[in-house]
Amino acid sequence: MCRWLAYQGEPLRPSTIVLDSKHSIVAQSLDSPLGAETVNGDGFGFGWYPSGAKAGTEPALFHSIEPAWNDENLRELTRAIESPLFFTHVRAAAGPPIQQTNCHPFRYENWMFMHNGAISGWPRVKRDLTIAIDPLLYPHVYGTTDSEVLFHLALTLGLRDDPVDAMGRAFRMVESVGHDHDVKFPWQGTVAVSDGETMWTFRYSSQGRTRSLFHAADIPALRKMYPDAERLNLFGDRARVVVSEPFSDLPGVFVEVPESTAVILDGEGYRHEPFLAD
Amino acid sequence: MCRWLAYQGEPLRPSTIVLDSKHSIVAQSLDSPLGAETVNGDGFGFGWYPSGAKAGTEPALFHSIEPAWNDENLRELTRAIESPLFFTHVRAAAGPPIQQTNCHPFRYENWMFMHNGAISGWPRVKRDLTIAIDPLLYPHVYGTTDSEVLFHLALTLGLRDDPVDAMGRAFRMVESVGHDHDVKFPWQGTVAVSDGETMWTFRYSSQGRTRSLFHAADIPALRKMYPDAERLNLFGDRARVVVSEPFSDLPGVFVEVPESTAVILDGEGYRHEPFLAD
Amino acid sequence: MCRWLAYQGEPLRPSTIVLDSKHSIVAQSLDSPLGAETVNGDGFGFGWYPSGAKAGTEPALFHSIEPAWNDENLRELTRAIESPLFFTHVRAAAGPPIQQTNCHPFRYENWMFMHNGAISGWPRVKRDLTIAIDPLLYPHVYGTTDSEVLFHLALTLGLRDDPVDAMGRAFRMVESVGHDHDVKFPWQGTVAVSDGETMWTFRYSSQGRTRSLFHAADIPALRKMYPDAERLNLFGDRARVVVSEPFSDLPGVFVEVPESTAVILDGEGYRHEPFLAD
Amino acid sequence: MCRWLAYQGEPLRPSTIVLDSKHSIVAQSLDSPLGAETVNGDGFGFGWYPSGAKAGTEPALFHSIEPAWNDENLRELTRAIESPLFFTHVRAAAGPPIQQTNCHPFRYENWMFMHNGAISGWPRVKRDLTIAIDPLLYPHVYGTTDSEVLFHLALTLGLRDDPVDAMGRAFRMVESVGHDHDVKFPWQGTVAVSDGETMWTFRYSSQGRTRSLFHAADIPALRKMYPDAERLNLFGDRARVVVSEPFSDLPGVFVEVPESTAVILDGEGYRHEPFLAD
């Protein structure tokens, strides 16, 4: 339903990958070859941990209901700052209204979350899933999307203690409630979540046919493959990117994440783990 | 928290009272002498039953997050149409986000609803009141305001069968839930609701100190009082208006609605009824 | 660069053709098969002469910087009103900023104007063309588009007296100024203009390869061709539509307007005239 | 017509003065005691030179048509960055449309400009003043305000070489053209302009009754006056602020700038110079 990009590594000017590449995520907002929809023009969001911020610092958010491709503020902002960890999301709304509170990424304290996909049968299951949110967290749900409810379910189920376990339990709860309401394949999607230091991304769907997810290859390896690619010099050796859809056509730059997989980025590279793969 | 205006009578070009008077509701958006806040710049809404529409027709809505005073579309629209029954609302947000789904009036089928005031302790009581909404109506709550939840509570409690009884029960439920959460004066406000033929307005607060509410005097009586007032010729004999705040300084044009009162407009004039006045 | 639709005939609920057809102009805002761009998401406009208005009445305008496909207000408005003559335009911006003052249609007194195409070399020729506008009309240019300047040039050159002659002179001036600045093909586009009674549309470009333009066939003829097409019953016998792109796949419903042609609608049907065809 | 704030000094989190004080400029957007208008809700702008940027770097801009008081993005942004030189402006529109291109500050290369006040008789003089802009600069005028035209006149008249002289010549040109069109007092206002290193501010009006302008006292002096004021510890010794209106009630913190004065900030403190004072 949407497209997203998550970066972690040396502080980077976000425009380098958000704007300045042929298939940048902003370009994908207007034309996304691999997307369920080719146009992702129903608002966008950009969230970043400021460069030099202490552990536990809240990320900052920029949300807009304009299409990303014509938003001047996004261009200005992503050219003026640097960040060691940022999320960008362009939205193709399935139905809920176009408003800033429905723009990803969502935030809770120092945690940031975004999603591409959908909870099927949302109008039927929304109430049950919303009631399942911890009453203390409930007032922090500001919008109307399935994604934001999922984030708060994961928080309710222990995201801050064990992200992989909590996301798994949240997906299982979505499936359980969906099945109770005769939804055949309740969950579909890819998710990225971070506490500002580690980044966890997930590819899973009830049907086993999940929206696309890729991550870049390691920069040092890419430098060996493409010694003449000057563009690679814009990135540090620890620069890592997870995306709905590659923004480069160069063979080998992007690697598909398998179905039912969690990819964990904690400074040691991309680590794959089986996820709800039974 | 807000200012509103409700008109019923001969089809009227809404700009006549929405724009073209010294203290019009659009002027009140920038400067409201009697308001709890002087500026009502956090979006607005205009809802109207089209002229000539059959009974049971849905009203049309125009919602914007811009301040009403600088919205060109509102000027254009209210000058180009005529309507026998319309609502206008300018918002001063207490807290929930500024988004179209939080703009009054709200609609359900042929019913239209707006509110000035607040449910006190909203973050504490929101969950209980939201769960009390009929699960079949729950998916129709699109925004995050106390007002929209109140409307759906009233629908749950029988608004379509007996509006005065249902609004009374909704206010009592708000008070009951509020008291459970140690809120001293849970309900504050004035409300307007219509099915397209009859209009019900309410002035009530738990503390007995409700936001202001007025209605105009009968046009034929005003014509006798002010035989030279050409502006009165813009209105038909059955033109009736209920407002948060008078838009005319002429003595006698507006009459204050007492505390704990429902005002019913069904084509026979303004009918006052005691409301929750025990 | 854009897509537009112009209707003239019996008062019609605009949603009938603006929203409710497979390739409606709102659907074209998201996916335009014949457009120079497939996405026309950079704002839109809707202008209408109210039903029953006297000759010489100003049209009303609704302009928005949101994509038409997700604008709730457009849906509400076009379902609630009827109009005997209305324009709709969805924009794909070539460059000037996305703002309401750059949304078509433009208005001057009772005249309404919209355009699909471009003045080539705009940054180079903008100043000369702007200075050529009658100084009394100059303050009425509120935005930054080539289209609005063209409209005011045409007004300067006699649009209100002889629309076909004035539009021809305006195009020629654009070509003359463009050639002075080494622009090879200065003018490209289709234009619609109306005074509320007659509608003039133009297809012309300096290169002779103009953006597409079509008009519908006569409704009585269509009824004979498609006696079972219930949808045709929504239209009166005098309903006429000119569009950038057909919104129906039925063979014979839409007729292409030839290059260098003016189509005039004055209540007597579609009248073609050669235009700048030398 | 508006309110503005300009900061220069040690890199500062802008929220410190943009948001977090009783009479912050965002608070002034809703209620400005000294303003010509009390509400400045017609959009706003924030422009900043990034911390650590080289001389000659373009400032970044954030423009919005929302009222500043309810814009979440402004809060997020000004809390997440630091800057050694930034401008903030809240707008009360005299007339031109509410659009991002009319939001201050304006930018040309590494120069940034903002204005509070007005060119009187603007519709009458706009054309002559616009034509006086260097044709090479003309395409950089994106909006419709008097302020942006003034900025480009000043650029035309040598702003980049001698800011004080060029601003003086621009004001004189405005006065000359105004007088030609029978405008009695053509110029009114305060202006701030910077190249990223030095900041020039101006207070001048044709009538000699200019909108208010203040600057803060030196921080070391304030520390001696208020040894217990912890808030002062948020600022470095070289922190300097020029504002339309004080944001602190503490006596001695803000000093009024006299009529017909330029205040120059080049790292050596506030330097006053007589300006057009004949």
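Chains here go by letter, A, B, C and D, matching the order in which they are written, and residues are numbered from 1 within each.
Everything below uses one rule, namely that a residue touches a chain if its C-beta (ideal position, glycine included) is under 8 Å from a C-beta of that chain, and two chains touch if they have at least 3 such contacts.
Predicted model only: the values in this text are computed from it and were never measured.
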Contacts shared by subunit A with subunit C include exactly B, D
Please decide if copies subunit C and subunit D contact each other with the same set of residue positions, more than half shared, or with different positions, and reply same or different.
same
I'd like the Å distance between the centres of subunit A and subunit D, where a centre is the mean of that chain's Cα atoms.
39
Multi-chain contacts in subunit D, i.e. residues touching at least two other chains, fall at 72, 97, 100
For the subunit B and subunit C complex, residues of the former touching the latter:
48, 50, 60-64, 72-73, 76-77, 79-81, 100
Subunit C - residues contacting subunit A, complex
30-31, 38-39, 41-42, 65-67, 69-70, 72, 93, 97-98
Contact residues on subunit D for subunit C in the complex?
96-97, 99-101, 123, 126-127, 131, 135, 138-139, 142-144
